[in-house]
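Take a look at the structure below.
For reference, chains read A, B, C and D in written order, and residue numbers begin at 1 within each chain.
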Amino acid sequence: MKYNLFYFFQSILIIVLSPLFIGILKKMKATLRGYMGSSIVQPYYDLSKLLKKGKVISNRSSFITTIGPIVILAAAITTTFFIPVFYTSMGKTIGNLFILMFAFGIVKIFTVLIGLDSSSTFGGMGASRESFISMMAEPLIFFLIIFLYIETKDFNVFHISFINSKIVHYDTAHLIAMVTFSVGILAENARIPFDNPETHLELTMMHEAMILDLSGSDLAYVELSSYIKLIVYLIVLINCFVPIGIATTFTALSLFIGFIAFIFKLLFCLLGIAIIETTLAKSRLFRGAELFPAMISLGIVAITLIYIL
Amino acid sequence: MIEALLTIILISSIFMSGVRRIKLITAGFIFQSAAIGLIVLKLGYETGKVDYYILGILTIVTKVIIIPLIINKSVKKLKINREMELIVNGFVSYIITGIGIMIAFGLLNKSQDNFLKTGIALFIIGVLLMVARKKAITQMIGFLIFENGIVLFETSLSKMSLVIEAGIVFEGLMLALIMGIMIFHINRTFDSINTDFFENLKE
Amino acid sequence: MLHLINFQKDWLSLYFVFIIILIFIPVAIYTKGYIMEYKKHYSANYMLGLIGLFVASMIGVVVSNNVISFLVFWELMSITSFFLVIYEYMHKENLKAGIFYFVMTHISGLFLMIMFAFLYKYTGSFDFSEILKFSADFSSKQKYIIFILALVGFGAKMGIVPLHAWLPKAHPTAPSNVSALMSGVMLKVALYGFIRVIFIFLGSTPLICGVIVLIIGTVTAIFSILNALLQNNIKKLLAYSSAENIGLIFAALGISMILINYNLLMLASLALTAALLHCLNHAIFKSLLFLNAGSVLYATGTKNMNELGGLHKSMEVTAICTFIGTCAISAVPPFNGFASEILILRSFIEAITMVSNIWIIILIFSCGIIVALTSGAAFYATAKSFGITFLGKPRTKKAEHVKAIPISMNIGQGILAMLAIVTGVFSPFIISKISYYTNNLLDISGKNPSFENETEIIIFTMILIIITFILYMFNRVNSINKKQEINDTWACGYSSDKPYIQYTGSGFVQPAAKIFGTIANYNKKVNFKKNISISQTTSDIVEDYLYKSSLKVVNYLTTKILKINYGKIQLHILYIFISLITALVLVLKFV
Amino acid sequence: MYIIVLGILFLFMIVTPLILKNLKITGFVTIFGAVLVLGIVFKIITLVSGGNPLSYFNEFFYIDSLSVVQLLITASINIIVSIYSYKYIGNEIKEKIISNRRGKFYYFLFNFFVLFMMFIALTNNIVAMWIGLEGTTLTTAFLIGFNINKNSLESAWKYIIICSIGIGIGLIGILIFVNAYSNQDGSDVLKWSHLVKNSNPQSTYAIKIAFTLIFVGIGTKAGLAPMHTWLPDAHSEAPSPVSAMMSGVLLNLALYVILRFYIITKHIPGLQNTKWLFIIFGCVSLIISSFSILRQLNYKRMLAFSSVENMGIIALGLGVGSRIAVFGALLHSLVHAFGKSMLFLTAGNILSAYKTKRIDKINSLIKTMPINAVFLILGMLVITGAPPFPAFFSEYYIIVGTVETGNYIITALYSFCLLLVFAGFLRVFIKIVFNTEPGVKYAKMEVDKENTLPLALCFVSIIIMSLFMNGYLSNMINNAVSIICD
């Protein structure tokens, strides 16, 4: 019970802190580009401002727009209960990797349909591109699951990070898989080079285009869910591939070390994203799509490496 | 005596395989049938069986008298006397008949039965007339020659009861009759008895 | 013939009978209303009778325990479904499609006849139980023969590539309730036959058989879903998607066969369970989607999604049901497609770690990647089908003036939608039920560890529902006293009331068409005369190359052989003698 | 005793049209006679069902289970066709297509035709069988050319020439066959029942030649390709009842005669391989007919080709020779008789309504002639071997037979041909029945109900067959199979 409560606490922490991390990411990008940028708590202000506002709804919109944002947020929040943050154990936990990954399917299907719902051109365009990218990214996610299962013989994220935290020396295959998954994360979360989360330029938007017609609290829910989604993905990356330092015993010291290590790794990841986003430009849709076959072939290499070496 | 009759049969059949005039073919057919009838009668005389007498008489009555009458009648009515177009011309027909008979005799060289060999020769000529001629009436004669061959075969091979043989011969006659009637009808509807006009039935 | 009716009562039969009846009830309810549309031109009793016969013969197939009755019911099923496909006989294309379908099923029937003839030869009996007794004694050559025949025979009915071509023709042609039954149930009956022959009669098959099934399944899945993606006809899209799902099931069966060959029975049981579960799930959501397509057709009179749009207002129940079906088919938890999808993926993944041969591993891995891509594409395709049809603004008059749908149709759809949710949420129980039998089948005693930890989906659903509820209440509270404005969609300052500014179905899949277009023979033409217009066409490449060229061969032979029948009478006489001489030579030489 | 009764009955039936002026009464007499004949045949069937053959007149007539199958086919199709003829001839006369005299002529020839067929099935004398076959040629020649016009005359001429040659070759074969048994007693040598018990002829070489001649010769009459060329013409041009009779019964009987000789030949040591004649000619028939069916413009011609195909199937089944295949072949001859008669009679109805045999001229039959359309579809299903009709079983048993004996290539060929035939039939009949040209109004025709009783009778018999396949029928056929296989 104690453990379960702690897991619960971890998840709540993620939900609460994810806007902060996004703020940090934005700050990092601003710094790298050489200007001040907004405060790291700016996302909280944004969200609360949106929540306070009334909303404008398209007269063509359907039940998708009505319930969509809520369900999206709910699904994103639910996923946080399926991952370890800085403490893990081999006990009985809910952390099925499949459910985790497919739960983002809920987010995806609702955002895509919201895009189509408002009967605007942008929504359709964003939905089309988002579906295309996520279709291409699906094999990467599958590859991630295969790879982790080969390594740990388990589908539970908690167990995976527990087992992997004992590894000190990472082999090539592991690193390749990590890179592959990182690309998957960028694709699934609409980051550069697949999408630019900052612009609202008609021809480049994907994610933003779909939610263009949302406003007020609806927009807040969707924004929050996309924050949570990115952080959850990053945590999966961290805790499955480099879980070193994660607390595996329930003592204050190890929990503290785990927390510090987690924050450090997460910030490192965010820095990575910031660097990528400041140095690369958004590539064309089909140029971006070419990355996926490349990643899949990398994945095949990784799998063969495991079995041949 | 039998040898002489067989010679007549062979000569008449080879003669028939190449001529163009229907009258001549009919004449050849009469000679041939008469010879066959005589052979059968001769056999009856030798063996003393009634069957042969009756078969012989039937053959002569039908094939020497009735069928040629039918043919002549229809030829007169139809005003055709000549097989104008041959698919295989006379010269080649003779050669084919010759070769055919040669091969047949060669294959049957072990057999001492001349009836059998002659019968086969008649088959070949009958088939040739049916295959290589265009007029329906020549086809009919070809078939009759074929049937003559069967009679020869019968006399050489079998020992059937009278009823059966009579049945066979009777049906041959009926067939010839039906063919005659049909030729008559064909001429009336097609204004010709040339089988070239038989091309309506496709698909 | 009466003596042949003697039922098989093992679990496999009962399971499929269960599926058939489960789907039949809502479809029957749906039919009551749906048939109104046909009453004007066609006979309603005729359709009802045929559907009854169709369902009865399907049940007959799965319960028969004897080759003859199996085949009789099998063919009856084909015949009745054929007449159902050409139910709207006044359209010429329907007749063509129906004939094509019937010929394909006849191919299937003939192969099955030959296969059972082989079984008879090897076992000396037409009785399933007798054949079963013999099943341990098949030599591997015999197994190959039976496997190939069963693959083609059942495969033609299931619609595996390259024998799938009838699916996208027959399904759009048939009335929608019939296509629901055909796609949802009839394909499963074929699968039943395949499972019975391969897994029960043959037991273990040579490795290569499993590999073939896996590859064919994967190819079917990816080929048909990419074709489905590019269709604008809703029912054609669904038909291709049926082929895709069959491909998935087939791939899972292939994995199971490979694992049985390696004697990894626990996992084999998992893969088999995945396949069987997907049978049930696909039956539910595919018939649901077909019924929805039928409702759309009923209400608007068109199947072309580019003419539709905005139907969510006028057809609310249908829209919600379609949404549920779409979620289910794109494996969104907690709907039922998800449960079987993860089982299939799991069996792929676990197989990779257990099999020792590196080539098999690479094969399974590549197939797994393709299957994952397939599920992504399935999401894309069904999102398109739902989004373009039901959301946005009506694109044409047809979508604006919508006929009201009878209540019975809504009830039918509703039941299936409920089933899609229930079987999704409670999939752990269904899995444990099925796995009990698959374990039995593969002689696994004791608990199979492959099936532990399956209850998470229930917890997930609970959490999801709770959080959604909390958020919903929060939202209610939050929106009190807030201004809520309903307005036209913003269209960059232009008047937005133009339905054609929306993305069309073809536009929606344009990115995929650009990359995978060759697989579906995608062609785009832009005409600049007067108005600029775009025409886009797709066609089935398998049909274009394989079927048409074999038809050409048959045509050529026909032309040649027909000549024998013509010509002069003299020639015909010659034929007799030629055949006589040939026969004589042959007889004297060989006898 | 039964034979005498049968003889008198037929005499009566043949004489009636000659004496009576009223065609209706003649028609009734024919129907009535046919019913009586069937009754007698049923009586004979029960007598033979124990497996013991009957023989009459010093074994000139000999009835075993094999001939009973043929008798059953002949007698039952006879009833159906005579019922059909009654209205058919009546209509023809009413529409002034034929004169009253020709109507009487029709009945005269028709009854003669049936008599000859019964005779073939009943007789034990191998030459008498030939005489019977020749007799059918004589009688049907006029029946085929019944509507004296260009097409029918052409086909009749073809028929008579080709069949006579074939039959002539058959006679030569029979003569050689008899001669090969010259070591036997003179009075017994023509008796089939005697020859079959006697497996040591003087010369097996002669038997080989003789059997080949018989096969090809009588095979011409049975419509085996490539000697079938008369068949599509004759069957398409003959009046529909005659086509039905010829296709359903006559072809069977010709094959039956071959079969009788085959049974004798089979028992001679070293000659078992003559079965390949059946297989090869069966396959050739299948191939030629199935491809020909694909591109026909005339529906009666297509049915005729289907007859060739079915003869091929039966020959194949007999040639394959395992018990199950032979069972299939005999069953198929039964089913084919009923199914094909049904189709030909339906085609006759359509022909008399539409006055055309061309497929492209007939559309949407389901609207114009619903009853006939249903029978057409049912007939198609019956003849293409769709269950639950017994043709499915027979065709399947033959497949099993080919697989069982290891002739896999033949299995493949056979199934391929079945598929082609199926596709061809489906294309045409679905087009005829369902095709609807846009903008055309299809009104229901009055003639639809006219002549449907015989069709229903055919269908009912087929249903009865499939229901009782395991009772009397299979018992009877099994006895027949024992005659062939043992």
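Throughout what follows, a residue touches a chain if its C-beta (ideal position, glycine included) is under 8 Å from a C-beta of that chain, and two chains touch if they have at least 3 such contacts.
Keep in mind it's a predicted model, so treat the numbers as computed, not measured.
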Most central chain, judged by mean C-alpha position against the global CA mean: C
Maximum centroid distance from chain B, chain identifier (CA atoms): A
Between the pairs B-D and B-C, the one where more C-beta pairs touch: B-D
Gap in Å, rounded to a whole number, between the CA centres of chain D and chain B: 31
Approximate Å spacing (C-alpha centroids) for the pair chain A, chain D: 78
Centroid distance [mean C-alpha coordinates] between chain C and chain B, Å: 69
For chain A paired with chain B, centre-to-centre distance based on mean C-alpha positions, whole Å: 100
Where chain D touches two or more other chains at once, by residue number: 157-158, 161, 165, 232, 295
Chain B residues counted as touching two or more neighbouring chains: 127, 130, 139, 195, 198, 203
For chain A, residues that touch 2 or more chains besides their own: none
Arrangement of touching chains [line / ring / star / complete / other]: other
Chain pairs that touch, as defined at the top of this document: A-C, B-C, B-D, C-D
Sites on chain B touched by chain D in the complex: 123, 127, 130, 136, 139, 143, 146-147, 150, 153-154, 157-161, 164, 167-168, 171, 174-175, 178-179, 182, 185-186, 189-190, 195, 197-198, 200-201, 203
Chain C-touching residues of chain A, taken from the complex the two chains share: 51, 53-60, 62-64, 70-71, 73-75, 77-78, 81-82, 94, 96, 98-99, 102-103, 105-106, 108-109, 112-113, 115-121, 123-125, 127-129, 131-132, 134-139, 141-143, 145-146, 149-150, 153, 155-156, 202, 212-213, 216-217, 221, 285-286, 289, 296, 299-300, 303-304, 307-308
Sites on chain D touched by chain B in the complex: 125, 127-128, 130-131, 134-135, 137-138, 141-142, 145, 148-151, 153-158, 160-161, 164-165, 168, 171-172, 175-176, 178-179, 182, 186, 189-190, 232-233, 236-237, 295-298, 301
Residues of chain B touching chain C in the complex: 87, 127, 130-134, 139, 195-196, 198, 202-203
Chain D-touching residues of chain C, taken from the complex the two chains share: 1-3, 68, 71-73, 75-76, 79, 86, 89-92, 95, 98-99, 102-103, 106-107, 110-111, 113-114, 116-118, 120-121, 554, 557-559, 561-562, 564-565, 569, 572-573, 575-576, 578-580, 583-584, 586-588, 590-591
